[in-house]
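Letters are used for the chains, namely A, B, C, D, E and F, taken in the order the chains are written, and counting of residues starts over at 1 for each.
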Amino acid sequence: MKLSARNLIPGTVKEVTIGLVNAEVVIEIAPGVEMVSVITKNSVERMGIKVGDKVDAMVKATSVMIAKD
Amino acid sequence: MKLSARNLIPGTVKEVTIGLVNAEVVIEIAPGVEMVSVITKNSVERMGIKVGDKVDAMVKATSVMIAKD
Amino acid sequence: MKLSARNLIPGTVKEVTIGLVNAEVVIEIAPGVEMVSVITKNSVERMGIKVGDKVDAMVKATSVMIAKD
Amino acid sequence: MKLSARNLIPGTVKEVTIGLVNAEVVIEIAPGVEMVSVITKNSVERMGIKVGDKVDAMVKATSVMIAKD
Amino acid sequence: MKLSARNLIPGTVKEVTIGLVNAEVVIEIAPGVEMVSVITKNSVERMGIKVGDKVDAMVKATSVMIAKD
Amino acid sequence: MKLSARNLIPGTVKEVTIGLVNAEVVIEIAPGVEMVSVITKNSVERMGIKVGDKVDAMVKATSVMIAKD
């Protein structure tokens, strides 16, 4: 499957916090570099996401902002 | 300045493509790992973004999806 | 590949408009019902998206709002 | 009222799950085809959204990605 | 029409810049306070948006981040 | 720090509602004009956001839609 989202960043799930509707998933994409995703609780359950999983953090390019000192 | 966006990923600007309204900025966040951002042309000019700049790719957690094989 | 995005709506590409950075893709998801996507020009070219293609319109649940009369 | 969001897809509310801050709303947009929205609990209550309601799922074009096999 | 988007901020259109796919619209929401929107060129034309128009800048709550010194 | 987000709107925190994963923050940006943000509970705690704080509501231009009567 090809996806238009330009950012597919491989990593390992470090932490999963489940809420009533949403869930927070922390993904280590490089030693000491984490990405945090908020997806629905349903998605976490449907995809069986758990600590240690190899996943991709996926982000549409229009959702990526830039900060510069 | 503290920012609520949970994802601030340091990298180096590799490429800048300017359109009439938007611009695409490619940021290398690790050897061979790139993030692509689409921000407005105005922001690229206002921030003086150019190849070689040290920047952070910034993403709100609710914009990060997960893909899993 | 499993995706956390909750909305994967099958349809057929009706129209593609290419800009300098972005591109607009119109997808018919049911007779007379269209979805419009703006993705990067690069993605359209990389994925070879053209009129007549069978695709899925993909939307994260947090990007879906509701209107009610 | 005219809206810039390009995607206004009519459907019927099938399910509402309320959390502490957010709520998940499942909308049937065609037989067997559902869209899932996550909006705030406040919006669900303010709009009186309940199962059986006729609503539109509203999505900005820049939030729509494309997947293609 | 009731909208789930929690942010509807009235203002006056100050500037419109049209690209091939997108358009940038600057809206003055208070003396000297502007909001910038990027919507599709099609939406600007469909809605007949022009300088001087009274409009609302509409933002989903999950798209609003917070910065604090 | 320079940010590509085009919308940085100063205001005062009026209300904070904490969920299991997310939190809702109401910001008064002008007398009687509020913006509502949904960010993660973690961000509210990390930034020490509380009623009375001076903050900026930050929004990427591509997340701003337009409504016009």
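Everything that follows uses one rule, which is that a contact is a pair of C-beta atoms (placed from the backbone, for glycine too) under 8 Å apart; a residue touches a chain by one contact, two chains touch by 3 or more.
These numbers were taken from a predicted model, which means no experiment stands behind them.
Asker: List every chain that touches both chain D and chain F.
Answerer: Per touch definition, common to chain D and chain F: A, E.
Asker: Quick one: how many steps at least from chain C to chain E, stepping chain to touching chain?
Answerer: Minimal hop count between chain C and chain E: 1.
Asker: List the interface residue numbers of chain B and of chain C, divide the shared ones by all numbers used, and answer same when the ratio is over half, different when under half.
Answerer: different
Asker: Any idea how many Å lie between the Cα centroids of chain A and chain B?
Answerer: Distance between chain centres: 17 Å.
Asker: Centre to centre, by mean C-alpha position, how many angstrom separate chain C and chain F?
Answerer: Measuring from centre to centre gives 29 Å for this pair.
Asker: Give, as an integer number of Å, the spacing between the C-alpha centres of chain E and chain B.
Answerer: Each chain reduced to its C-alpha mean, chain B and chain E end up 22 Å apart.
Asker: Which positions in chain A touch two or more other chains at once?
Answerer: Correct list: 1-6, 19-22, 24, 36-40, 42-43, 47, 58, 60-63, 65-69.
Asker: Which of the chains touch, listed as pairs?
Answerer: Those chain pairs which touch are A-B, A-C, A-D, A-F, B-C, B-E, B-F, C-D, C-E, D-E, D-F, E-F.
Asker: Quick one: in the complex, what on chain D touches chain E?
Answerer: Touch list, chain D to chain E: 1-6, 37-40, 42-44, 46-47, 58, 60-62.
Asker: In their shared complex, at which residues does chain D touch chain A?
Answerer: Residues in contact with chain A: 17-24, 36, 38, 62-63, 65-69.
Asker: Would you pull the chain B residues touching chain E in the complex into a rising list?
Answerer: 1-5, 19-22, 40, 42, 60, 62
Asker: Provide the residue numbers of chain C that touch chain D in the complex, in ascending order.
Answerer: 3, 5-9, 24-25, 27, 29-30, 33, 35-39, 43, 47-49, 53-69
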